[in-house]
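Dropping the structures in below, format is structure tokens.
Next, two complexes with chain A in common: one pairs it with chain B, the other with chain C.
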Partner chain A sequence: MCSTLKIALKVLLRRKFFTFVSLFAVAFTLLVLLVSVAMLDDVFGPQGPEDRPDRTLVVLKAELSGEHSRRNGWAGYGLLSRTLPEMPGVERSTIFAMPRKLTTYHEGRKITCFTRRTDGEFWKVFRFDFVEGQPYGDDAEAQALPVAVLNESARDRFFGPGSAVGKTFELDGRRLRVVGVVRNVPSLRFLTFADVWLPTSLSRSDGYKKSLVGDFAGAMLLAPGARAADVSGEFARRVGTVPIDDDRFKTLSASASTLFSAVASFFVFEGLDSKRPGVIVGVLWLLAILFMGLPALNLVNLNLSRILERASEIGVRKSFGATSGALVRQFLVENIVLAGLGGVVAAVLTAIVLAVLNRSGLVPYATFTLNLRVLGWGVLLTLVFGIVSGVLPAWRMSRLHPVGALQGRFE
Partner chain B sequence: MIRHLLKLAWHRKRSNALLLVEIAASFLVVFAVAAAALYVGSNWRRPLGFDWRDTWSILITDERMEHSQEPENDARLGARLLDEVRAVPGVVAAAGMDSPPYVDWTNTNNFDVNGRTVQFMSSGATVDADRVLALRLIAGRWFSREDDAQPWQAVVLDRDLANEFFGTVQCVGRTVPGTINEAEHEQRVVGVIEEFRKDGELAAPGNFLFWYVSGEARSGAARTNALVVRVPPGSAVALEEAVVARLRAVAPQWSFDVRPLDQLRASRFRMVCTPILVLGVIAAFLLLMVGLGLIGVLWQNVARRTRELGLRRAMGATRMGICRQVLAELLLIIAMAVFVGTVLVVQLPLFDVFDLLPSTLVWGAALLAVVVILGIGLAAGLYPSWITTRIHPADALHHD
Partner chain C sequence: MIRLQDVSKVYRTDRIETTALDGISVAIEKGAFVSVMGPSGCGKSTLLNVMGLLDAPSGGTVSLDGAPIRGYRDREVAALRNAKVGFVFQSFHLIADLTVADNVEIPLLYRSMAGAERRRRVAAALERVGLTSRRDHFPTQLSGGQQQRVAIARAIVGEPRLLLADEPTGNLDSQMGEEIMAVLHELNQQGTTIVMVTHDSRLAESTHRTIRLFDGRQVQ
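Moving on, here comes the complex of A and B:
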């Protein structure tokens, strides 16, 4: 194995132009894939407030359907408040609104804030990083106290840096008191992201309390040892018992699943149920492999054209009894070493690209990072790429006829 | 000559086949990016139909979400909001509109007209909306107070929709072939405007219909979802603040969000252009990679054929002749790959999947892709074919 690696490095150093071209192809391909993985990880990975994704079940969408009409959208408060409380196997559950853009005029400036209405439990199901102060509790929700939690960005825009707890500000015609400031949550984390969080009951009217389809979502933190399937089964049963007071609609549907499955079900075609995130994982892999196709083909062509270079070496090894398998292994290892080098270059480039993306503000509050999970995926993708692009040339080389190879004939 | 080249290519069909697939795949990549860019570009050149400068949309949200229980009340309130905004000093004109330009939500309708399905977007609008958005009338008039008392509901079509419905823009007074929003009244055309593209310069062209919202509860449309307001150039945030304060005083149960159209337009542009730009950059790097790979492959091929080419030189072929042969072989492969790619690509208009893509656009993008691929292929072939000119016949024949 050691000698194989040595040969691999020697081969790489022999023809610098070819090594450069191959490395460029590998590094560029892996760069694009790694950046995509880092973005996916930023949305779904266990970090920030959503640090327990495997124990969290979410209810995002709801649909009312009848013979002639259909209404779908985010879940409604009425649906969630009738199904989520006192669910067996669930430690805590929360009902919260999807963020809404609200504007306010503050000292002659216009400030736009994504505002999310939540209950007090929200802060226990999701764990925010408080810079100062603390969250509001269920009492704030029960008494409709005019309090708010800000992220750092909103704090800076309203008050400038420095302590903000206890200060008041106006938002959408209401005066609110700051009780806490949290670190910015990336806007791609659409379950928790907001600039301002305030109690749900601080609403202008309580019409939202009845709606089955609306602009709310629910999340349940499973008790340790509880099974997700049991909880989502019980949730489905409860959804069936919710009365529908609109005669245009007959059935109400909603489901509780992990965030990844729930989001996957937005994209997967209708009819595929959301309990099979495997489908979307498969689609992602397919996209990745399709994207790898052209660079891999490029590398295959390059390697095939270089068989000549290696012909005499192959001839010698074959005449001394090396099996085809041994040769295939050798050339595959060479290609994987090359892919590995490209992977290292790609990792460095990815870190740079992600830093630029974070700085650019294209995705508000983005915190794309090259963490261990992403690097792990990088290693896996590198291996896949190395094998996909190396198998055919390796196989072709191993089949050279020894005599012909020694003479330099290779067709 | 070509037959000879074909024979040469056929002899190395296995490696050439992979090369061909690679070039064809690159062709498809260039085609995809070119088609996206051409599509956006061709939309950009069409007339827009309204003026987005110095105009705001004010989105009105009611936290009750459901349809209003008190339509009469809401309608009266909607009408009062408009009066209030018009009274603010500095406001040039104001009107109500359900889906203002560049706003995400749309109302899409389908009518069957003479056996064809005509799809169009629609929005409620009040009097003066034409003044706020500087709509250009080509026939009839915009909504006015005289439409209040009519036993029918007034609608205004854009040029495209008038042509779809009636085959002519001179259709004032005719009845729309269908009803929108389950209206109880027939809907009659009072005017036709120039092509109106609500989603802006980069969006696909479409048909548009405005129906009249009078400020009285009727046809289910109690109030509009938004207001559009024209303001003097260079208005300060203070004016926004004054308008919102006035609106809040009238309807404290609703929230108001002022979005200047120029900002909405800019964010639309970002949404459309960012993916194309990202794809373009990725495609450019892919092509650079393919080009470099091609140089490598050709270089090796030439090196491998030193003997053959040397023999030709010894038999009297000129340097340029050999150089030309190598390039012609390359061109042959590229031509075949481009042919394969084009055959695949021209199937697109045949399937109805991409009825967005007119066939001229497909051909344009294919042509662009052919040019780009040929350019890259020839550029990649330059160095390797130049090497052949330096092959010395005597050396070549020694070569082993």
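Moving on, here comes the complex of A and C:
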């Protein structure tokens, strides 16, 4: 294997033009894929407050349907408050609203921020990084205490970079007291992202409490050893028992699933059953392979055209004892080494592109990083690219008859 | 060493059937230096390819070291070629991307052999052909004679007992041709069996025996 690698590197270094053209195609393809993976990782990876995705089930979507009417959207507080409490196999559960954009004036300055109403359990299901202070608890929710947690960005905009705990500000007609400040959460983390978090009970009315479809979501932290399928099943059973007090609708549906399948099902593949993340992962892989397909085909063509150029080498190697299998291995290793070099170039370019994206502010508080998980995906994609684009040329080259190859004939 | 019994080779395309070898029976003894002569297209190279197990005969039997070759399965004939046969081609067929040493090393890559041992054998083979100082050069940096000597080093590095040379001096001037012949004679004296295709009757006369072919048939 060592000598095969050595030969592969020598061949690539000696054929500079071919190597450059191939590297460009490989690196660009992998760059796009790696940036996509880094973004997906920022949304779904176990980091920030959502660091336990394997133990977290979420309820995002709810749908009411009847013979002539249909209403769907985020889950309603009424649905979640009837189904989540005291769920077997669940350590904690939380009900929280989706972010809402509000504009307020503070000391003569206009400040726009995203707010999110939550219960006290929210801070235990999701683990925020507190810079100062602490979260509000269930008592704040029960007593509708006018308190809030800010992120660093909101703190800076309201009060400047110093300490903010104990200070007050006005939002949505209420004066709120800051009890804690957390590090910014990227806006793509849509379960937890906000600038200001405050108790749900501070809402102007309590009409939200009855709604089955609304602007809330729920999350459950599974107890160690609990099976997600059991909890999902129990949730589905409970949904079936929730009374519907609107004659237009006969059925209420909602499901508890992992964040990945819930989000994919909600945004990307609406209509797919969110309990089947395998299908969604399969579709994502298919997209990645289709995206890799064109440059891979290009590389296949380049490699096939090089059979002519390398015929003598193939003939010589076969004459001196190379089996077809050994030649397939050699050409595959060459292609994988090429893809590997492309992967390294792509990783460097990805780091640069992600840094530019983070600084651009296109995605608020984005923390796209080339972490080990993303790099791991990069290695896997590189291997897939190297193998997919190398198998056919390697097989064709290895099948050449040694005499024909030595004479430059390719029958 | 190698025996061909009533060997024939027929090439078939959609419309044409060409008989390259027809009823060839030849025995090459161990330690012999045999030349193969005949006009162009008479089947000399085909005979060499069949002897070297690069091509399967259409009929008849090829035996190497007393064992008949059957089936011509890729893995088996590849192992036999690697262990027992070395090739020298008229147009050298050196790999331009690899250095002299890397070219010579090729047959050893298909054996389970430690890197240190491979390097030792490559150095020994290059010394035998007088090219130790050129080990890190690329083929294009060498003269024709030197390239053919590299090809010979590659053919003998695995210490095969049979060396098949297809017009080894065909692309060289007379002085370089003589140098190559001297190397081949020296190898033969050291025990290597050699079968050489040539057009040059002077070179054929310097071998132990000559097989003459005409239209795929053995005439002498």
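The criterion applied here is as follows: the second predicted complex is superposed on the first by the 401 of 411 C-alpha atoms of A that agree within 3 Å, B and C clash if a C-alpha of one lies under 4 Å from a C-alpha of the other, contacts with A are read in each partner's own complex, and residues count from 1 in each chain.
To be clear about the criterion, contacts are C-beta pairs under 8 Å (C-beta built on N, C-alpha and C of every residue); 3 or more make two chains touch, one makes a residue touch a chain.
Computed from a predicted structure; not experimentally measured.
Asker: Quick check for you: in the superposed arrangement, does A:R317 touch first (chain B), second (chain C), both or neither?
Answerer: A:R317: touches chain C, not chain B.
Asker: After superposition on the shared chain, which partner residues are touched by A:I7: those of chain B (first), chain C (second), both, or neither?
Answerer: A:I7 sits against chain C, while chain B stays out of touch.
Asker: First (chain B), second (chain C), both or neither: which does A:V21 touch?
Answerer: first
Asker: Of the two partners chain B and chain C, which one touches more residues belonging to chain A?
Answerer: Between chain B and chain C, B touches the greater number of residues in chain A.
Asker: With both complexes superposed on chain A, which partner does A:P295 reach: first (chain B), second (chain C), both or neither?
Answerer: A:P295: touches chain B, not chain C.
Asker: With the two structures laid over each other on chain A, which partner does A:K250 touch: chain B (first), chain C (second), both, or neither?
Answerer: It touches nothing on chain B or chain C.
Asker: Could you tell me if A:A326 is touching chain B, chain C, both of them or neither one (first, second, both, neither)?
Answerer: A:A326 sits against chain C, while chain B stays out of touch.
Asker: Looking at A:P402, would you say it contacts chain B, chain C, both, or neither? Reply first, second, both or neither.
Answerer: A:P402 contacts chain C only, not chain B.
Asker: In their complex, what parts of chain B are in touch with chain A?
Answerer: Those residues of chain B that touch chain A are 12, 15, 18-19, 21-22, 25-26, 29, 61, 63-66, 237-238, 240-241, 244, 248, 252-255, 257-258, 274, 282, 285-286, 288-290, 292-293, 295-297, 299-301, 303-304, 400.
Asker: Touching chain C in the complex: which residues of chain A?
Answerer: 2-4, 7, 10-11, 14-15, 312-313, 315-326, 401-403, 406
Asker: Considering the complex alone, what residue numbers of chain C touch chain A?
Answerer: Residues of chain C touching chain A: 49, 52, 54-55, 74-75, 78-79, 81-83, 86-87, 89, 93-98, 102, 105-107, 109-111, 115, 154, 158.
Asker: Which part of chain A faces chain B closely enough to touch in the complex?
Answerer: Touching chain B from chain A are residues 17-18, 20-21, 24-25, 28, 32, 76, 100-103, 105, 108-110, 172-173, 203-205, 207-208, 210-211, 214-215, 293-295, 297-302, 304-306, 308-309, 362, 408, 411.
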